[in-house]
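Next, two complexes with chain A in common: one pairs it with chain B, the other with chain C.
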Partner chain A sequence: MHSFRYQLKILLRNRSSVFWSIVFPLILGTLFHLALSNLVNNDNFDIVNIAVVDEVTDQNFNSFINELSKENDSNQLFNTQYVSLDEAEELLKNEKITGYLIVSDQIEIVVNTSGINQTIMQSVVNSYLQTSSAYHNIYQINPQAFINGVLEQVSLDTDHFKDATNGDTNFTVVYFYTLIGMACMYGGDWGLRITTLTEANLSRQATRITVSPTSKFKSLIAGLFAGFICQFVSIFILFLYLVYGLNVSFGDNTNYIVLLMFVGSIVGISFGIFVGTMLKTKLATKNATITAVSMLFSFFAGMMVIDMKYLVLKYFPLAAYINPVSLITDALYSLYYYNTLDRYFTNIVYLLLIALFFGGSSLIMMRRKKYDSI
Partner chain B sequence: MENIIEIKNLTKSYGNLVALNDFSLTVKKGDILGLLGPNGSGKSTCINTILSLLKFDKGSIKIFNQEMTPTNYQVKKEIGVVFQDVAVFEELTVLENIDYFCGLYIKDKKTRKQYIQEAIELVALQEFVKFKPKQLSGGLLRRLNIACGIAHKPSLIFLDEPTVAVDPQSRNNILEGIKILNQQGATIVYTTHYMEEVEQLCHHIVIMDKGQIIAKGTNDELKNSISTSEKITVEFLDNEEAFITTLNKNPNILQIDQTDNTIHISYKTKEHNLNELIELLSKNNIQYRSIFSERPTLNDVFLELTGKELRD
Partner chain C sequence: MIVFNYYLKVAKSYIGVIIMYTVIFLGIAIITTTSGSNESNTFTASKAKIAVVNQGEDTLFIQTFKDYIVDNAELVTLDEDQESLKDALFFRKVDYIMIIPKGYTEDFLASKDTKIEVLSVPDSVSAIYSKQIMNQYLNVASLYVAADISVEELATKIKNDLANQATVTLASKEASKEVAEVNAYYSFANYIFIAITLSVVNMIMISFTEDKVKNRNLVSSLSYKKINRQLLSGNLLFSLAIWLLYVVISFILYPTTMTSTYGLLFIGNSLTFMTTVLAIAFLIATITNNRSIIGIIANVFSLGSSFIAGSFVPQEMLGSFVLNISKVTPSYWYIKNNGVINSLITFDYLQLQPYLINIGIILMFTIGIIVISQFVGKLKLKK
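Entry: the complex of A and B
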């Protein structure tokens, strides 16, 4: 308790750690809020301007698109124009539309860039194709099903989007979720400090603690508790600021968010201990390493360019699974966006494995009782 | 008297560099042992190895008749260490620093409070208890460093160059404090390269060079062990080459070193040398600005044994 109390004091009075772990994420969150405020205030989908090029008239598809294009309807997703191919190309070129659909034997989507609107177009078309395929199959197997109304459950309306999500599809929340992930990794700063309080070859203070009759294990446990409390409180302050100060939506799963912050804090602390024990260099270099790696993780998780997260997933999926910021962001996003918890818990498991790797390797190094040099 | 520390044939290398070479040492209870040697002679390595901080290649270390290991907490409880570098927390006040380190040894709060108060008084930091380390001068910081190392009233104290870069007032305070600790029953191992401190403080002296003991004994024993018994320094008004040549014929004179108009004469025996020299100067009508006699220093001992100065 004595060690814990003083290590907590030492950590909390360290201005550098407090700045990077508590103040800096708050500043960054505020800057994000200022930069994204217009987008953040949008509670619903933007209506997507599209064009349809009917090479072959598909009544079902046209009805489907028309249903989603009803003006002033709460389900309206699209503002649709039926045009020729040339006109569609011209509209796309002039950025009047997000993309156009060519309806022939298949349905082809033509877009110039990627983004949320293009993703919506893709999702709608996929949904139509899957559902119409389901209709077709069921009809082949059991035509009576049409009469019994079974197919009412295979609906073709925007409820697909509403039911699958929590009703708020503001993608800018991802920026704030990466911020939580980044702040978790900045917990490495506390972890590094704990290492310098424990390893006799890293600081004179630790040498003095090591020659005392207090066991290294007890000292480390006290430090870990102190560091974890600092880190968890830092993340919680950031979370409260995002929710109540900046009105960032995290959905209704507060308990799961707290669990995620708990696990994220463990990952951050263990990352700092890993850097502290493994790198044989100056403390300042270790600090810089933690900051640089955290920023790099955040970049690949989509903090600066939101598409980066998807590009990594597409081209280097393994990199996404070993990036704690990406996993934390994804877990938060899955809590916010999906009603199921499978993806959330998958991310939690990956995070725990990363913490185990960082913590386990560090403990092996820290087991030594004597040093080659001090 | 009881042996507090027994080191036998200790060897410690850093790669190809042998930092401690077959080092053996015994420290008796109640002793103040000075480990004297130039920088890099192996003093700090010796202390860190005794404290079980460093691995060593061979040898054995016993403290309080028990083998010293990193987990021998019973022995560690009785040891206090004052490191060469100040080892305190910038984030804590003077009082908190002492309390933190003392608390690693003394669990009882009431006893600890009393011990801390005594440590603060010993190093005269009463007026600075609420100060943060960065608000303290170098000397006060050194005193805090000492208080953190000895507040738990250890019976064996290692002080590794505790007075480096300290003002004279703080140095005197520190040395007086060490004497008091010794009077209270603590055995002390004191490393330094300041021979004056060792002469002033230590009962026994071990002179180290290149990881080996080159001489040991009391201050007098060491000084008597070398061929020089007395040193006389004369500052002439003019260059007196002829007189110096005459002096060189004296069989009691070991060596004469000359710097400008000043000569340093080393004598084999210490009987009547100053009187004889003054008479000789008068007889030859040699004028001089000053003349004084001194006993050989530990630096002379080191010089004679190694051929180099202690502060090289």
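Entry: the complex of A and C
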């Protein structure tokens, strides 16, 4: 108990590190939130600037486009100008427009590159062509339908689907889940400091502790507890901030999430101890290793590019099972997305195995070490 | 050159970490840009995988619907229990599962408001795309239904209707797909450059900024200016090496684009940006010499700027509010400039003007940051 108090004190004395290890994930979370908030509302796409070149005047098509180009209308998709072919080419060249449409007996889309705006243009024109072809057929089979106005009652942007995927399906949550995973791995930093504080050759404090009558096991356990508390608290703060500050949805299983953060913290700390005991290098190198490896884990869990998570599952499923960040992300994801808990518990078991591996092998390395002279 | 030589000596002692960092981050860049994961930014020609679970009868209407799916997507057959459906989604064997309820055909033909339940991969463009083309079919079909046209006739007509596609022409032949890929590769460099340079440069710099070492250096006969200049050239050497490595890899991955004028512009842009990153690294080294703080700053800055300036998610998908914030980072201008290169068609002065302006802005950042770090350094010295 005594050494626990002092270990905790030593860990907390490095104020700036404590501060940053808590604040850092919060800042990142905020930046994620800023960058991703717009992705969720797909409606917020910018209005696309286009030009229409009428080689023949197609009244229907023009009014269709005009309908979508009404200014200050919530459905406005395009900002349209009617120009000659030369002007259109000039506009496109100077990037005043995304692309232009040449209307003759068919409709041709001319763009510079492929991209989201270009795809919007294409899908709008396709839907026009397909619908008007249908009108044409109907007119031939049953012209009556045009007279009695039944067609006007059909809304052409009806959504015929109802999403039965659990609750809301906001995919950006996965980014925040990887953030929690990464923050857990940052516990490695605490773990590293604990080894530095218990191995006599690594720091003065440790030398002093080793010559004291306290057994090494006891001081290690005390250190582990102290580190774990620091880590768990900082993860918990992050979690609270994500839930209440940024409104990230985690599903309703708060208890399971706390359990996951608990296990995740253990993995992070055991990872730090592992690096601390296995690598026989300078402290700076160990620190850098922890950072680099956590970033690599986070990358494969989908932090930078979300599809990475699936690509890994598809091509190297094994890599997903030995990557703690991926497992934590996956566990949070399965709590959010699936009804059953099977997947969640599989992830927890794998996490525990990883912690056992890190912890066990470090313990083997650490035990019965003697320092005759330092 | 004594400081410079010592810089190299310190760098040598960290060679393991430096190599590890470089390999890991360059690996990340290569995997990201070659795995095709960036294609999610555009609708690609690749077909979405759609499964149909029909709880009702297999009517002619549903048959036709399935034919349409086969023509426009890949129809996947699955076991129909709940568990395997979810697993299939999870492992992306399927993007979009439609569960057609009993009596759907009758309700639809009677113009009743009826919905098909779907399970979809929540974060995929394929799912959004599937939904769009499926809705298109049903909307056109409902036109026929409203006009009282029989299912048999509907089935034959609708197929032709939906085969109508607008032709898309690319105005410029040179704006190939590869240029877009190079754009993505160099935009990703924002993350890689910042992450590697900040971590490694500072790791070495700390050896010089530690209080005792610094004081010893200050009382030496070498002037403060000279020490700093030699440190700077050490840093310059290192960051140029990183930059060069990144460029060489781009030549291997995208030879056609890189040997064209586009390549030259990308190289110029990234080199300019590297100077800014270097200046930032130097500034951080003057502010603090606490290792863990530097590690954290490197992370926040590399990940944060990459997110809000559009290194991971393209700028056109970010909100204007976010972009306005990111304008205070050099990353924004760098990535924006990559986009400018991507959309270039000719290379006359008028076209190149925005490119040059952006380069100018990035250089201003470099100069500004250098001035600030000189100022901070002076202040610290006075203490």
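Throughout what follows, the second predicted complex is superposed on the first by the 239 of 374 C-alpha atoms of A that agree within 3 Å, B and C clash if a C-alpha of one lies under 4 Å from a C-alpha of the other, contacts with A are read in each partner's own complex, and residues count from 1 in each chain.
We take it that a residue touches a chain if its C-beta (ideal position, glycine included) is under 8 Å from a C-beta of that chain, and two chains touch if they have at least 3 such contacts.
As the structure is a prediction and not an experimental result, all values here were calculated from the model.
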A:82 touches, of chain B and chain C: first, second, both or neither? neither
Partner chain in contact with A:310 - chain B first, chain C second, else both or neither: second
Touching partner for A:338 - first (chain B), second (chain C), both, neither: second
Which superposed partner A:299 touches (first chain B, second chain C, both, neither): second
First, second, both or neither for A:10, with chain B first and chain C second: first
Comparison of chain B and chain C by chain A residues contacted: C
Contacts of A:262 with chain B and chain C, given as first, second, both or neither: neither
A:129 touches, of chain B and chain C: first, second, both or neither? second
First, second, both or neither for A:215, with chain B first and chain C second: first
Which superposed partner A:204 touches (first chain B, second chain C, both, neither): first
Chain A residues contacted in one complex by chain B, in the other by chain C: 14
Residue ranges of chain C touching chain A (in the complex, touch as defined): 13-14, 16-17, 20-21, 24-25, 28, 31-32, 35, 37-38, 40-43, 83, 86, 89-92, 98-99, 115-120, 122-124, 128, 131-132, 134-136, 138-140, 142-144, 146-149, 153, 157-158, 160-162, 164-172, 175, 177, 180, 191, 195, 199, 203, 206, 290-293, 295-296, 298-300, 303-304, 306-308, 312-314, 316-319, 321-322, 325, 342-343, 345-346
Chain B contact footprint on chain A (complex, rising order): 2-3, 6, 9-10, 13-14, 200, 203-205, 207-215, 369-374
Chain B residues within the chain A interface of the complex: 14, 48, 51-55, 69-71, 73-74, 76-77, 79, 81, 83, 85-89, 91-92, 96, 99-101, 103-105, 107, 148-149
Residue numbers on chain A that touch chain C, as the complex places them: 14, 16-17, 20-21, 24, 27-28, 31-32, 34-39, 42, 44, 46, 89, 92-93, 95, 99, 106-119, 122-123, 125-127, 129-131, 133-135, 137-138, 141-142, 145, 150-151, 153-165, 169-172, 174, 189, 281-285, 287-289, 291-293, 295-296, 299, 303-308, 310-311, 313-314, 337-338, 340, 343
